[in-house]
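I've put the structures underneath this note.
You will see subunit A twice below: alongside subunit B first, and alongside subunit C after that.
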Partner chain A sequence: MTALKGLALPAALLLAWQLAVMLTGLQSDTIAAPDAIFAALGRGLTEPAFWADTGDTLAAGGMGLALGFVLGTMSGVLFGLIPPVGRVMRVTVELLRPLPAIAILPIALLIFGFGYRLEVAIVAFGTCFPVLVLTEAAVRQIEPRLSEVARALALSPGARVRKIVLPAVLPRLFVALRLAAGIGLIIAITVEIAANPIGLGARLMQASNSLRPADMYATLFWIGAIGWALNWGMLRLQLWLFPATKGAAQ
Partner chain B sequence: MRYLHRGLWFLASLALLVGLIWVWQLLADARILPRAFFPGPDRTWRALSRGFASGTLVADTLTTLRRLALGWALASLLGVGLGALVGTSKWAQAWIAPIFEVLRPLPASAIAPVLLLFLGLTDSMILTLIAFGALWPMLLTTVHGFSNIHPRRKEVARSLGMGRGAFIAKIALPGALPDIMGGLRLGLTVALILVVVGEMITVQGGLGARILLAARAFNAAEIFAGVALLGVIGLVTNALLGLVETRALRWQRR
Partner chain C sequence: MLETTGIDATENAAEDVLHVDAASVRYGATTILDQVDLTLEKGEFVCVIGPSGSGKTTFLRLLAGLVAPVQGRVLFRGTEHRAPSREIAIVFQDYANALLPWRDAEGNVSLALEAAGVPRSERSDRIHTLLRTVGLAGSEKKFPSEMSGGMQQRLQIARCLAQDPDVLLMDEPFGALDAMTRQKLQDELLGIVRESNVTAFFVTHDLEEAIYLSDRIIALEPNPGRVSQIFDVDLPKPRNQLTTREMPEFLRLRRELFDFIERFEQ
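And now, the complex of A and B:
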């Protein structure tokens, strides 16, 4: 019922919009009628190029996320397990963290040129810091008794990380991954809009520059749908894998 | 003792940063880092002081700061205002709030091409982009804060015969303040990203346009100078907002 209520208003707005366009016979470079947008989306979904763009965005964003997540987790575990390392890195991390990821685009552009590597580098930079902070906090909050067990069993540092630390922080690590996935998609699209001529962001920019509003709104709708599906899927997966994180799900 | 301990660690951490910058300088001097990409701290510093001396860097920084402040302020007003309206209305919670949840994962920068069609390569396009993008975190946290107000406080308001305006001003806003402050902070992060994106797309002055143009001219020192300034802006604005937050929420900790 609540879902139906949520749908009612957008549906009414769409209908009013469609009626207004049909009644006024509007021809525009900036606005498109809902039926034209859905027709454009339908055309796009049967087109290989549309799926290639979707694949480019997801691949570049996904690789960047993987890189940023691995870097962030590794440094987070290191900082959390050996507090002096975390403390001595504090100022450096706190200086780099508030820098908007998109600001390093020109530097990455000089190094990598246009293409996948540019996007992967920026997504990795942007996702690594939130993961680092969340992982470090998670490692710090491990039950002290577990560390005592590790000491009593005389585990090697490697075995300690594998057998005690990682299993203990796994649920919170997944929360970090879910948040980072959202950030990664945002950064990937942003990089494509600002400079990189691949993926859905570039498609959106092209549609805008060549005054094809129906295509533009269709792509925008598609990007929103991907973002929503990613968020929904990761949340479902998190609640299924780690039911105990329910309270902290949002 | 604890303060001394903390201070020592801060100094050690600062020393590490200085050490890292020094290593960067050594690597740049030894030509291990390609000079075309990593100009070294000395050339970055020279680009900074040259830019400040000629005044262009100051002008660009001020332009970016003005856009950031205006866009963020606009987003705060709209976000908290709309959030208050939606948060205090059962009807809006049922019919309008679900749309917010669907729109939330949409990357704010994806709206830039749409705004480009409507507003062109203008200052108002950048401002609208910031205001629209930074609005969502503030709106959502305000709605969240308002809907978490204890029912007994609502009963108090009713028994005192408070109107909706008085309820918002005297009970709901102070109660939701921790959530709202979190939203304002999140909105600032988004606003800083969007001001850079907006300036990169429109190239209407500002630090975002400056560093993108420097990249086209293969002027790495100029890029690093601009990025460093953006980092400082992010750091300072965040710290300022943090100070405001602790002051505004001081009553809570008692």
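And now, the complex of A and C:
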């Protein structure tokens, strides 16, 4: 019910927009009427090229996220378990972390050229730091008694990570993954808009450059829908897998 | 019973399970334990009492290998012992923190077997036997969060027994439990120790619990923590919650221990 109430305002705005366009007989290169946008979206959804672009963005973003997540988790566990290493790396991490991921685009472009690898690298760079910071904090907050249990049982370092550390931080790791997925999508689209000629970002730029506002808004709407569905799906999954994270979910 | 330091002590040490030789523990500038000596014989049940700040828990951690002495040494079966060993199991007071909340009862016991490299095929039988030993048959699939405090502490004891230890170190294990559960667990613990012939080192602030369980009581005094007195407990076994506690010897020891503790309460 609340969700429906929440939809009332966007629906009213769309309707007002539609009416305004119809009453003024608007002809524009920047604004399109809602009915034209939805028609364009409907057309897109039947085109293989539209789905190919969607697939490119999701594949490049997904691979970047996977790489960034693995790197972030591994360094986070290492830094959290061995505080001297964490302390030594702190300055480096704090210097690199605030750097907007898109700022490394020129360098990455020189190294990788256009294509998947460029996007994967930048998404990995941008998602690795938030995952690292969240993982390191989670590892530090593991119940110290469990570390003593691991010592008393003379667990090997590998067994300690597998049997104690990772299961203990798993719920928070999943929260980190969900946040990183959102960041990853933003970076992937940004890279595509700024330079990389693949995916939904490039489609958006093409529509804009060739003055097809209906296609542009349709793509924009579609990207929003993907982002929303991604977050919704992962939140459901998180609450289902780790019911205790409800408080930390939002 | 307290061994004096010297050549004899070192030679005898091979026959004793644990031997502490003039060991001191410091945290920074503070001396927590000052030159303590102790010999634990096989199958013996020793309780440690003392006012707060007398280093009871540190003594246990020293025996566990969780802290290293700055002076003196700890010998386990004749060899110097500086890191934890699977042959020495520790039962912590805060059972809720010491269990893995994401593993059920079986899984928690299994952790000790996995650490010892017991093959998967043998684990299940041993887990069931151990859970039966501590009175948790039928709770195999329960998670710690679904158990009462007493059950969780039983589970921790089962995990420690799964290590098949020579020494069982216990840090106020029943301190957070209600009186009835505590008495029940005391009797079960005595039974387990008798049957497995494990050596028990038990820290408690409950003087009657110390008398009831022990063959010997080590009384520590504070500032810095050191061994003050040793009380031999000469009460018949098996002990009984009603008759043992009414014996003149029990009451005499109770009086002595209370007098001892009183001295530090002013």
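In this text, the second predicted complex is superposed on the first by the 250 of 250 C-alpha atoms of A that agree within 3 Å, B and C clash if a C-alpha of one lies under 4 Å from a C-alpha of the other, contacts with A are read in each partner's own complex, and residues count from 1 in each chain.
Please note the rule applied: contacts are C-beta pairs under 8 Å (C-beta built on N, C-alpha and C of every residue); 3 or more make two chains touch, one makes a residue touch a chain.
Small disclaimer: the values here were computed from a predicted structure and weren't measured.
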With the two structures laid over each other on chain A, which partner does A:Ser208 touch: subunit B (first), subunit C (second), both, or neither? first
Where does A:Val88 make contact in the superposed view: on subunit B (first), on subunit C (second), on both, or on neither? first
May I ask you to decide whether A:Trp228 touches subunit B, subunit C, both, or neither, giving the answer as first, second, both or neither? first
Across subunit A, the partner (subunit B or subunit C) reaching more residues is B
Check whether A:Gln18 is in contact with subunit B, with subunit C, with both or with neither, and answer first, second, both or neither. neither
Overlap of the subunit B and subunit C footprints on subunit A, residue-wise? none
Can you list the residues on subunit A that touch subunit C in the complex? 143, 145-146, 148-149, 151-155, 159, 163-164, 167-168, 170
Subunit A - residues contacting subunit B, complex: 2-3, 5-10, 29-30, 87-92, 94-96, 98-107, 109-111, 182, 185-186, 189-190, 193-195, 201, 204-205, 207-209, 211, 213, 216-217, 220, 223-224, 227-228, 230-231
Per the contact definition, I'd like the list of subunit B residues that touch subunit A in the complex. 9-10, 12-14, 16-17, 20, 36-37, 94-99, 101-114, 116-118, 189, 192-193, 196-197, 200-201, 208, 211-212, 214-215, 218, 220, 223-224, 226-227, 230-231, 234-235, 238
What does subunit C use to touch subunit A in their complex? 64, 66, 83-86, 88-90, 92, 94, 97-98, 100, 102-103, 111-112, 114-116, 163
